[in-house]
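Below are two complexes that have chain A in common, paired first with chain B and then with chain C.
For the complex of A and B:
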C-alpha cells in the first residue's frame, strides 16, 4: 500500500487540524474583545454618562460629529497635514539614512545626533515651534516631519550597514563599480528596512499630527476634541480617539501591504 | 576608508562650533524668536530659584519611574504568559495592538476628566507608554527560546516551572533589558505629552507661563530639560543593558 492510497491521509488531517486551530484562534480573539467591551459597558453603567460614556453614546457622539462638526472633512484636512509631513520625512529620512550608511564621515558626524533625537521626546519641541512658526499649516507639517524622520533615517541606515559582506565581495570580484553595487546590491537589501522604517514612521507621524492639532488650538480633529472636552462631553473625545486608532491601523497595515507588493523577495524586517 | 579617532573629534568640534554659530546667527536675525544661549541659562537659573523647577523635575521623574515600574510589574508576567501559552497570546494580542495605535495625546482630555491633573494621570500615561515595549520584548524572548534546549528539559521530565526558570528566563534577559531601555524612553515621551496637555501643574505649568508671555528663553530651557531627560535616561539604561548582557541571545 503506497502512501497516496493510504486510508488515513496525514496531510489532509493535519490541514484540517491547522484550520481548526486557526478557527479556535479567531474564537478566542473575538471572545477576548467581547469580554473587554462588556467590562467597559458594566463599568460605564455605574458612572455618570457625561464622564464615562457607554459604547452607545460614543457611537452617537461619532454620528453627531459627522453631521454637525464636519468630522470627515476635519479628518481629510488632518490627513493632508500628515501626508505632506510624512512624504517630506520619507524623502529626507531615506536619503540621509542611505548617505550615512555609505559615507563614514557623514556617519561619524550625524549618527550621535540622530540617535539622540530618536530617543528624545520630540513633543517637547512643539511649544517652541508654535511660538516661532505660529499656529499654521507649515508648523503642523513640520511637527509631523520631526516625529517620523528619525525613525525612517535610522532604519534606512541600518539596512545599508547590514548588507552581507559576501554579497558585496562577489559584486566587487566581478569588477562592479561603486554605483553599480549601491544600485543593485545595497539598495535592494535596504528596501525591506526602509519599508519597516516607513511603517513605524507613519504611526509616529500620526501621533505627531494629533498632538500638534491639540496644542495648536482649533485645527481639524484636535479642535473637535477640544470643543467636546470643554463641554465636558467625554464621549466626543473618545469617538475621535477611536477614529484615529482605526486610521492608524489602516495606514500601518497599508504601508506593510504596499511593502510586500513592492518587494516580494523579503517582506518582514524587525527594526 | 575609516574615520580615525582624531578626525572624529575634529569633526564634532567643528560641527558643534558650526551649530553654535547658527544659533547666534538666528538670535541676531530674530532676537525675539530665538534667545541667545546665555539668556536661556539665565532663565533656567531663575526657574530653579523662583519657580520650583527642581521640584517639578523630581515630581516628573517620580511619575516616570512609578509608571515604568508598574509597567515592568505588569508587562513581564504578561509577556511571559503570552510567549508560553498560545491561547493567552491570542487573547491579549488585540489589546496590545490597540495600545500601539492609541493616540494617547488625544486621550489625555478624557484622562484628565477621570484622574485629574496631578500625579495619577502622569503615572498612568507613563505606564501605558512603557508597558508596550516591555510586554512585546518579553513575548518575543519567550517565543525565540531555542527549541532544542526546551526539548532537553522536557526529555529529562523537567516541569514547566523548571523550564521557565532555567531556560526561558535566562534567554529573556537581553530581550528584557532592551525592553526596559525602550520602555523608559517611551515613559518620558508619555510624561512630556501629559505635561504639555495638562499645562497647569508641574513642568507643563512652568512652560505654559513662560510661553503665554512670549518669553522664549524660559520655553527653551524647559524644553531642553525635557529632551535631556529622555536622552539621559535612555542612555543610562543602555549602559545597564551593556553591563548585564555580555552574551548575544539572538545568536543562540
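For the complex of A and C:
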C-alpha cells in the first residue's frame, strides 16, 4: 500500500535529520569543553600556581599520584564501595518505590520519610553515623546507599503512579488479574522512570563515596585528596576531582546505554 | 454449533458520584441486540455512550438494571466480549505482534498458538511486515488496525467499538470503515458500535439507536436495511435517497436541522 510506503520515507528522512542534529550536538559539546579549558588556562596564567594551578600542573600531579600514591588502586577500592552501596540502593530503592506505588497503606506510611530524607543534608549526619557504625567500610557503603536510595525510590514510585488509565483499562477489559497488570503494564511503564532514577542516583552515589572517604574514614581517593590538601598542593586535589568527574560521566552514560537496551520503545521520560 | 450472543439491556441507569448531587448519566435504557446484528449507538458527545459500552464490557457497573450477554449477566469483563478503544489503548512497550496477543496471553493460550493467531490477524488487517514495530512507529490508522486485530484475536462473540475511528483523519476513517465492513462480512459477530458521526452510523448499521444528551435515554430507533455486503458499494449507498432520508430523520431527532 502506498500509504505505508510514504510512512517509511518520512521515517528515513527524520532519522537522517536526527543523526545530523546529534552530530551537531557533539560538535557543540566538544567546543564548549575546549572553551572552558582555554578560559581556565587564561585565568590560571594571571594567578599564583599554588592557588590556581594550570592544566599542566594538574596533569603533572595526576602522573605523580599514579606513580607514588597508587591512584588507580585507590580508585578501584573506591569503586568497590560505590558498587556495593549503589547496588543495594538500586535493589532497595526500586522495590520500595514500586511497593509504595502499588499499595496505598505503604505509600502513606513511607512517603513522609522518603521525602524528608531525600532533602535532608546527609553530610551533616555523618558524626551520628560514625557514632553508630564507626569509621568502617560498612559505614561508607551506607553513606553511598543513603545518597542514592531516595532518588531511586521516588522515581520508581512516580512511574507506577503515572501509569495511564487507558492501558490499565485495556488490560482489565481482556480480563487481566492484578498480577498480570503489575508485570505487563505497571512495570514496563515504570522502566524508563527506574532507569532515570538510577542515572540520577549514580551521580549522587559518587558524591556519597567521596564524602564518606573524606569525612568518615580517610581512605582511597578521599585520603589522597586529604594528603594533597594538607600540603596546600591544590593541583593534586583537582586532579582527583577531575578523575571522579570522568568516572561519573562514564557511569552515567553506562546507565543510559543500559536504558537504551532495556527500553527499545519511545517514551515520554528521558531515561 | 455454538450459540451466538445476543445482548439484553433492561432498565439500566447510571449515576456517578454520591450524596446530594450525583451525576445522572443514563436513564432507564432498554434495548437488545440480535445475534450477528450490527447495532450503532449514536449520540452527542458526553451523552454517556462510552459508559454504556463499558457496562456491556463489564468494566463499569450499572447503578440499576440488568445486562446480559448470551443469557448470562455481565458482572465483570469476560472472554466472549472484546472492546476496541477510541484512543487505541496500545501498549507502547509491546510490538505490534505482542499487542495483538495480549488477550490470548491473559486467556492462557500457548505461545505457539498465540503467534500463529497473531500472524493470521496481522495479515487480515493488512499489517504484514510491521510485526516487530512499536506502536509509536505506526500511523493512527495502522494503530487502530492493531486495536481491531487485538480484539478479534480472542475470537469474541461480541465486538464492542467505542468511537474507534474518532481520532483519525477523514480519509483514514473512510478507509477503515470500509475495511471494517469487509472484515465483519467475513467474521460475522454481534457488534455494538458507538459514534457521533451520522453518516458513519448509517453506512455501518443494521439498526441505529439515537441517544439524547445527559441524562441519556433512547430518543429514536431506526432500521437501516441496505443490502450487504456494502463495503464495495459505498458511493452508491451514500448517494441514495434512502441514505439521505435516514440521515435527515436522525438530524431531526437531534435538532440538527437548520430552521427553515
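Keep this in mind: the second predicted complex is superposed on the first by the 230 of 271 C-alpha atoms of A that agree within 3 Å, B and C clash if a C-alpha of one lies under 4 Å from a C-alpha of the other, contacts with A are read in each partner's own complex, and residues count from 1 in each chain.
Note that a residue touches a chain if its C-beta (ideal position, glycine included) is under 8 Å from a C-beta of that chain, and two chains touch if they have at least 3 such contacts.
All values reported here derive from a predicted model rather than from experimental measurement.
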- If you stack the two complexes on chain A, which partner ends up touching A:90: first (chain B), second (chain C), both, or neither? neither
- Touching A:264, do we find chain B (first), chain C (second), both, or neither? second
- Message: With both complexes superposed on chain A, which partner does A:28 reach: first (chain B), second (chain C), both or neither?
- Response: first
- Touching partner for A:125 - first (chain B), second (chain C), both, neither: first
- Message: Just checking: does A:176 make contact with chain B only, chain C only, both, or neither of them? Give me first, second, both or neither.
- Response: second
- Query: According to the contact criterion defined above, which of chain B and chain C contacts more residues of chain A?
  - Reply: B
- Looking at the overlay, does A:185 come into contact with chain B only (first), chain C only (second), both, or neither? second
- Query: Regarding the shared-chain residue A:167, is it in contact with chain B (first), chain C (second), both, or neither?
  - Reply: second
- Note on the structure: Within their complex, chain B touches chain A through residues 1-3, 7-8, 11-12, 15, 30, 33-34, 86-87, 90-95, 97-98, 100-110, 113-114, 185, 188-189, 191-193, 196-197, 207, 211, 214, 216, 219-220, 222-223, 226-227, 229-231, 234
- Message: Please output the residues of chain A touching chain C within their complex, sorted ascending.
- Response: 1, 3-4, 7, 11, 166-167, 169-176, 180, 184-185, 188-189, 191, 263-267
- Interface residues, chain A side, partner chain B - complex: 25, 28-29, 31-33, 36, 51-52, 104-105, 107-109, 112, 116, 119-121, 123-128, 130-132, 203, 206-207, 210-211, 214-215, 221-222, 225-226, 229, 232, 234, 237-238, 240-241, 244-245, 248-249, 252
- Task: Using the touch definition up top, name the residues of chain C that touch chain A in the complex.
- Result: 57, 59, 76-79, 82-83, 85, 87, 89, 91-94, 102-103, 105-107, 126, 129-130, 134-139, 141-142, 154
